[in-house]
Structures are given as structure tokens and as C-alpha cells.
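Per-chain numbering from 1; labels A, B and C assigned in written order.
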Amino acid sequence: MSQLYAEGTPIADERAPDGPIETRWDRRRFAARLVNPANKRRLTVIVVGTGLAGGSAAATLGELGYRVESFCYQDSPRRAHSIAAQGGINAAKNYRNDGDSVHRLFYDTVKGGDFRSRESNVHRLAQISTEIIDQCVAQGVPFAREYGGLLDTRSFGGAQVSRTFYARGQTGQQLLLGAYQALARQISAGTVRMHPRTEMLDLIVVDGRARGVVVRDLVTGEVTSHLADAVVLATGGYGNAFYLSTNAKGCNTSAIWRAHRRGALFANPCYTQIHPTCIPVSGEHQSKLTLMSESLRNDGRVWVPVLAGDDRPAGEIPDAERDYYLERMYPSFGNLVPRDIASRAAKHVCDEGRGVGPGGLGVYLDFADAIARLGRPAVEAKYGNLFEMYQRITGEDPYAVPMRIYPAVHYTMGGLWVDYDLRSTIPGLFVIGEANFSDHGANRLGASALMQGLADGYFLLPNTIGDYLVDGPFDAVDPAHQAVADVESEVRGRIKALLMVDGDRTVDSFHRELGQLMWEHCGMERTDAGLRKALAQIPALREEFWRRVKVPGEGAELNQSLEKAGRVADFLELAELMCLDALHRTESCGGHFRAESQTPDGEARRDDENFSYVAAWEHTGVGTPPVLHQEHLRFEHVTPSQRSYK
Amino acid sequence: MVRLWRSTVGKKAVMAVSGAGLLLYVIAHMLANLKIFFGARSLDGYGHWLRELAAPVFGYEGVVWIARAGLLACVLLHMTTAIQLARRARAARPIGYRHRRPVQGSYSARTMRWGGVLIALFVVYHVLDITAGVVNPNGVPGQDYRNVTASFGRWYVAVFYMLAVTALGFHIRHGMWSAFQSLGISTAKRRRALRAIALGVAVVITAGFLSVPIAVLTGVLT
Amino acid sequence: MRLTLRIWRQRGTSDAGELVTYPMDDVSPDMSFLEMLDVLNEELILRGEEPVAFDHDCREGICGMCGLMINGVAHGPERATTACQLHMRHFADGDTVTIEPWRARPFPVVRDLVVDRSAFDRIIESGGYISAPTGSAPDAHAVPVPKPDADTAFEAAACIGCGACVAACPNGSAMLFTAAKATHLGLLPQGQPERYSRAEAMVRTHDELGFGGCTNTGECTAVCPKGIPLDTIGRLNSDLLRGALRS
């Protein structure tokens, strides 16, 4: 393996204070130097992305008095992908008096992440979680309430306490609109300048500091540079490397990948979360996958026929010939086992030829028992909107025939490496939200991404960025500066190159092929042989892409094929790093399951002795071996243990 | 107030209030019309009474003229806001759809504008006919009963009248509910009741007005 | 199944556009409407023609990015369904389907089926928020909110800002969108201090942007994929008039 990458020097998170974990964040905030209020007006911060992380950060930085330039590729900041989150947001409010606490949320998150995250970060996240709910309520987020007028909560994703706040099945939408409205307020106050339909294509680094971005106006096609004292990336996850995922179509890796190419380390790229309850693929034309809320598993029973190739309709298969495999394999957790376990189990039964529906890629999620037990009205009240959504997409009535579900790529725990202050390894480049790698380790708990995005944006970054900006304003960068001109002309060159290929295959055809390859070899179950195969095929596919892709139209106009082409080109580079990371990590942990590392009864086996570290990768060029920097993880407050759901 | 007048919501409120004024008048008018069924004396006497009303204070026909001024103001406000909003609407969609299919809008909602124009044209003719008597075959001031029957004796006038009155019914049905909405009186709970009231009022008014020409045409009134 | 598509093609905002006919031979009933357009675009690209530009992102009916006038109905024939969630099984073999962009002066066509809806952002920026700077919030349970109010506020807040209401309105009015926000915030105790000024500012901006006035035809709620009710507009009107009478 050694010729695939080089071992570099270890890195460490130097900004996290030591000592009692409960006061680390306080002490860090106190130690951070403050920017003189009068100076803030003279400091410009670029925030790329308007999701929960970027939207809340831009709004808060604007309130603090900084000059903010905000970017997103959609036509409005309100449409960032965070809008699609359904289930809810965790907070250690303990309003239920059911034993929750900051420490428990901290513990659950570290454990859920399979002991691959930092204690300091996670503890801080748990502390801040309560403030997020206060902030959102003050902004008018219409969380679900009880008859007494107080906030309702539910237990989510197998958590034993009820700490998830929600707004029907549209929690992400409501939280994002809250952040969007706060942002709108700052836009009208003139502190934030919004650039919608503008895509970041590269990062400008001058004298070792991140000083700006090169963007393309998606309407006119114009390529321009924006300069600032610091750059914040909040551009979301890269699940679309798999082509089919629950992410929005436009989600991409370009911003963080370009920053990675300019020197930011990329951490744990192989940590991907695969969600067990999505609507299965219906055909070749499939363009994205739709998530069905995890809450369905509270009442639905998962099963497949006992016999492979049994293609009778579900209703004609008698109970004795059904295999309720989760209940069979995990008697104590049953249908509520964590996401990764449920997903892998579904894959296994489908691999055995027992899958249902088109292509045999699906398992039943059956509500017949729940309907018999609770009555149809009760089931309707709980899940009515989800059932409707299912019917809209599949044309089948889930009250009459069991739902079919299959796992799909959902979230990426990996991302750019950041320290406690959310600084990447390029000075002046901060990374927040799903785009960074920080808090979820190898597996994210349900309802924790929204919490992290808002913690980063509302409360962490605005407090930590000052300690960097206090040394500014940095020397003004002349727009004609060589470093700026170089990046700009590289971007223009790449656009031109994409248009010039004029081959015979569409961008989507490459994206689909890459996705299949990744799903096959870097999906739910990864093997040494499979990953090596992928590592051989991806560069070939990339080479073919640059030889045969066909991008119609011109650069200086709205050109959606060109947008896609640029994103797919970056996925073709990132995919290789994801596979390499997966190959080098020969243990199983969280969402990363290596077939070679399992217990005799088929469960994931972690290897703390050799892999209790964050893998931070340094770019050395496309096709040349990257350098691995390890950040060792220390556990002082939680003792790593093996997860068991039997 | 100026700001309110400038806003589309303000204009709608003005339209609602002026419309309410006109509606009250229309109701009174309709009820008065029904006097025709009690004979010429009843109707002509009522006309006379109205002209004499409070004569010592306002003079002969004083109240009538005050009412006319009020009506005219309502008509002007109603039409001005209607025209302004219609022009806004046209400006808001300079290029129309090639293929358009209304999904919801009731017939009465869609015919507000042309219905309004038809009603306005009719009112002009009606005033010349019955009030001023200029185009009336009888045309004797004070002989309201004979003027009316003479006018409706011509079938095409009766048909025109009936058409206009039907348009008025449609106009009231949507207009009245719309006014509740524009003034913010309509809520989720009251919506159905208000819609029913609007429909009821529209039907009663239309029926009341229609009864007269029908009676003339069928020979019940001569 | 076979379909005949008639699609509005327009290069740029100031160019003239036209409906162009494209026969489609092999449409699967399981495709979504946008997946059907994807298939068309793949074909067009390989034939050396320009693909049809259309907006979309989440493809699950929540981001509000997609928006097409399908056979004269905003978001197509299925009620409470965005274009991205509309499936081809609702069309019949041999159908002709006309696809046009939203049409309103404040929504200029950018290209083909893509329009510029930033006017909606201007309306929100003018007052569609609660001024609660980060860090200033009291405990979330400090002010209870009656459940019915919270539920109604949520229903109004479910607006996805797609613009179908404007597209369908015979007056080109954005009153449903504006009223949804005014209702969401105006129903919550946190939104009271700015309630009347918010309504006034948003309606003023709405009018300045060139949207038409509402005449309560109800065409908007009929096509609204989130079923925002018409009485939100009544509520907005009432807030505006009350605000004007107060000052």
C-alpha cells in the first residue's frame, strides 16, 4: 500500500484547551483575542454557502459588524440543501426530565461516532445545543408544541432520551428559513452582500493566507474574483460522489476540493453515512433518492421472503415464509438498530437474492401489524404525510401493500480538517457545517447534523474567527496581483478545456458510472480487492472523461451542463481519495465497514490500537500519491467500547 | 392614509368600502322596485315621498341629490381603484401564457372586470331611461310605474336589463366575499359562512331585480 | 409511452422565445417530470443541440427551486405536488404537454424555463423576519405558544417560495407568498413587536416590485404545492389596515 500514499508528520489540534472538559470552551473564548468593534467594519469575510452553517454564520457575522460577502449556487439563499432535513435537531435541554444532560449527549455522540471524534469538540457541541433551540425559537421557528404551549420533543434514531426538537417532517426547512430570515435582515441592513447563482470555483491564497475566491456567475458565465480578510466554506457534503444520494442535485465538493488542492487537508474522506430507509431505485432514469424518515422504523417491521427468488406479491407470502431479519438478528433493538447496521443487513439479504421489487434491490417495511394494533387513523396521524409522499413517488398505497425501502447515501462525515477554532490548515480559511469533518467521528447520530451546522454558524465561528481577524485588516490584495490572476486564469482554462473536449458522452453518463463504481466498492461494505479495483478504474474513468465528455454551449451564458461538468470533474478526483482512505483504514468503524474486519458473528470490529486517529490527507497533485497526516485521538472522559445491539 | 391608498391592499379596502356603499344602495333599490307589485300608486307614491323627504331642510329632491352625490363618489372610487388594479395586473404579466387553464377561480371571480364594465354601461342607459326619461318611450317624470312598464315592454331592453342584473349578481357574489377578505374580516373559521352569505345576498338581489322585467314580459304587470 | 412536448425556448432575458416541439418515444410512467426532461436533455446533447435549461435542486418538493407551467397549470395537474414530485404516470400515452416558464414582470425569464425570482428575497428582506440577534434569546420555554397558533404558524411557514402562486394568479400578484410569511411571524408571540410594520413594509415592497394586486380569486391556493390557505391574505390585509389605523 505504501506506494499509494506517503506517511507524513502527525498533526494536532493545538487550539483546544486542556483541563476540565466542561470549561474548555469558556476558557478558549476568554483566551481568544477580541476585534475592536470599530475595526470590524474594515474587515471583510467571505462566506460560501447559505445552508444552516453558512446562513447562520453570515447573519451573525453581519450582526457583529463585519462586512460579509455571501455566496450560493441556488437562485436564493433560502434553498440550500439543509432545507430537506426532515427529522429534527438534538439538544440537551432535558425538558422531559428523562435523564438527559450535556454529558449524556456528549457521550452518545462520541459513542455513536464509534470513538473517532474529538472529545473537546463534541462536548462543546453538546453544551451549545441548548442555546440553539433558544435562538431558533426567538427567531420564530415554529417547532412542534404540546397543548400546554411548551415545546414537544421525540426520541430519534434509537436514542433512549427524548431530546429531538422538530417541526413536523420539515425541521430543516424551518431552521433554514430562520437562518435565511436572519440573513435577509442583515442583507437589508447592508452588512451582508448576497451573491446568489454564483458558484465558487477556486480559492485564492496570497502569501500563505486564504484571501478570496474565484467565482462564476451562473447567469452570465462571468468569472470574477472576490477578495477578503478571511474565507469561510460552508458548502455542505459530498454524498453526490455516489451520483444517487438523498442530497440535492446541485450538492458538490468543488469548493472544498479546490481548497484541498490549494493546501487544506482533507480528513476522513471515506466516512459516509448510508441511510437505511430510502425509496428504492425505479429505473435507469433515476436521478436522486428520496429519504423516508427514520421514524417509520418505530412502527414498521422490516422483512424479506425466506426463500431467494420468491416473487409472489407481499400479501401472498404467509408469515412463516417471511424473514423479519432485524428482529431475528438483533432481538433487543429489533427494527431500531442504528443506521449502518440496518443498511448493511438490507444489503446482505438482497445479496442473497431475497430482495424485493425491481432489480431485487429493496426490502419490505410493513405497517400491517401497526395498522391492526393501533388502527388506521392512528397510523395516519403519525405517518400520514410520509405515506402520501411514498405513494406520490411509487404510485403504491402503503396502507395496502408494504413499503419497499433500500439504503442510500445520505451524509458525509468526512470533510476538510479543522481545529477547535474551525480553522483549516490554510490560515484564514475556516470550514463549517457538513463541509468540515469535525464532530461526528465515523458515524453521525440522527438529528445531529442540524445541531452541528447551527452551532458552527451561530455560536462557534463568530467567536473564534475574531482571534484570527484581530491581526487584520491584512494588506490589501491588488486585484491584479499575480496570485489572483493565476487562479483566475486557471479557472478560465478549465472551463475552456471542458467545453473544448466536445466528445460523445454526456456529463451525466460519467457521473452515473462513477456513482455505480463507488456504490459497488466504496459503499456499505468495502473490501481490499474492491477498493483496489475502484482505485484502478477511477483514474481511467477520469481520463476518459477529459477525452470524451460533451459539454454543449458556451462559457459566457447560463450553461447547466458546464456547471455539472465542473462538479463531476472534481468528484472524479475526490472519489479516488475516498477509496484510498477506505483502503488504508483496514478496521471497521461507524459507517465504514471493512469486510475483513468483523467479529465472528458479522459485526464491525474496530481496531483502536492502530486506527484511533483522524486521517488528514494532503494533496500533492492529481494522480500522485497523497500524504497522510494522523491526528491521534485521546479519550479521557469516555472509554472506547465495542458497540453492541444484540 | 396616502400610503394606504398607494398600496394594493389599501386600494382593495377602498374598493371594498365603496362597494359596500353601492351594495346598500342596490338593496334599497331592489326593495323599492318590489313596490311595483303593489300597483302604480305604491311605486309612484314612494318616488314622490323620496323626493319630498326632509324637504324643509334640504329642499325638494335634496336627500335624493345627497344620495346621488354619495353614490357617485362610491362609483368613482370603485371604478378608479378597479381600473388602477386592472392596469397593474396587466403590467405585472406583459407576456401571457400560450396555454392557460384556470384551476380554481369561480366564474364570478373571473368575470369581475367585464361584468363591472357591463354593469357600468347598463347604469348609464338605465339612468337615461328611468331617471332622466330621455330614452324612455313614456318618459314622464313622476310616472315611474308607466315609465318602467313602457321600457320593459320592449323585449330587447328587458333582456339587456336581465343580463345586466345577472352580471350584477355575479359581481356581488365574488365582490362581497372579496370585500370581507380585503378588509381582513374573513378567517379560516368564518370563510364558509361568509361565502354562503355572499351567495345568498347575490341570489336574493338578482331574483328581486329579475322579477320586474319578467313580470312585465309575462304580462303580470302592464 | 409516447409524448409530444412543446417547450418554451428562449436564449436570454431580452431575446424573443418560442415554443419548440420535441417528440419523446420512451417515457416510463415511473419517471418524475424532471427525470423525463433529463432524458430529453441527454438526447439533445448527443444530437448536438442545446439542452433545455430548467431550475431544480432537491427534487423532493421542499427547496422550491423547480417551477414549470405544465399544460397551463403551475406545477402541473396533481394538486399539492411540485413539478419535481410529479410523476409521468399522471399522463397518458399520446399526450401533448406544453411547458412554459412562470410569467410575471418581476420574474423575468433568464433562459428557457428558468426565471429570476429574486423579487421574493426582496420582499423577505424588507421585513419578513423577527429581529433576534444571535445570543439575545431567552430560554425557549420562557414564552409558551398555544398549540393551535403554533400549528397555524407552521402551516403558513411551510411555503417553499416556489412562485407558483404568482404564476397562476391572473393579476400576477405575490400576495399569497407575502401573506404566508406575515401570518407565520404574526401569529407567534415573538413576532408581535414588528407585526404591523412588517405587514406594511412587505406589502410596500411587493407593490414596488411590480406584482399585481390581489383580487381574491383563489387561483394561487389551488396550485400552491404546500396548500397555503387564502385566509393568510385576509390576515395580512387586516394587519395592514389595523397598522394604518393605529399610526
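Assume contacts are C-beta pairs under 8 Å (C-beta built on N, C-alpha and C of every residue); 3 or more make two chains touch, one makes a residue touch a chain.
Heads up on the chains, UniProt names are A = succinate dehydrogenase; B = Succinate dehydrogenase cytochrome b subunit; C = Succinate dehydrogenase/fumarate reductase iron-sulfur subunit.
All figures in this text were calculated on a predicted structure; none of them were measured in a lab.
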Item checked: Contact-richer chain pair (by C-beta pairs counted) among A-C and B-C -> A-C
Next item on the list: Compute per-chain Cα centres, compare each with the mean of all protein Cα atoms, and return the closest chain.
Entry: C
Check: Where centres are the averaged C-alpha coordinates, which chain has the largest centre distance to chain C?
Finding: B
Margin query: Need the CA-centroid distance for the pair chain A (succinate dehydrogenase) / chain B, whole Å please.
Written below: 63
Margin query: Between chain A (succinate dehydrogenase) and chain C, what distance separates the C-alpha centroids? Give it in angstrom.
Written below: 27
Next item on the list: With chain centres taken as the means of their Cα atoms, state the distance from chain B to chain C in Å.
Entry: 37
Item checked: chain C-facing residues of chain A (succinate dehydrogenase), complex -> 56, 59-60, 63, 74-79, 81, 83-84, 93, 95, 131, 133-140, 142-151, 167-168, 170, 173-174, 177, 180-182, 184-185, 187-188, 194, 196, 219, 248-250, 282-283, 285-288, 290-291, 389, 392-395, 458-459, 462, 504, 506, 508-509, 550, 552-553, 557-558, 560-561
Item checked: Complex interface listing, chain C residues touching chain B -> 6, 8, 19, 69, 71-73, 98, 100, 103-106, 168, 170-173, 175, 200, 203-204, 206-207, 210-219, 221-223, 229-231, 233-242, 244
Note to self: Using the touch definition from the top, list the residues of chain B that touch chain C in their complex.
What the structure shows: 1, 3-4, 6-13, 85, 88-89, 91-106, 109-110, 112, 174, 177-178, 180-188, 191
Checklist line | Residue ranges of chain C touching chain A (succinate dehydrogenase) (in the complex, touch as defined) | finding: 11-12, 28-32, 34-36, 38-39, 42, 44-46, 48-51, 53, 55-65, 78, 81, 85, 87, 89, 110-111, 114, 116-118, 120-121, 124-126, 128-141, 144-147, 150-151, 153-154, 157-158, 160-161, 184-185, 188, 190-191
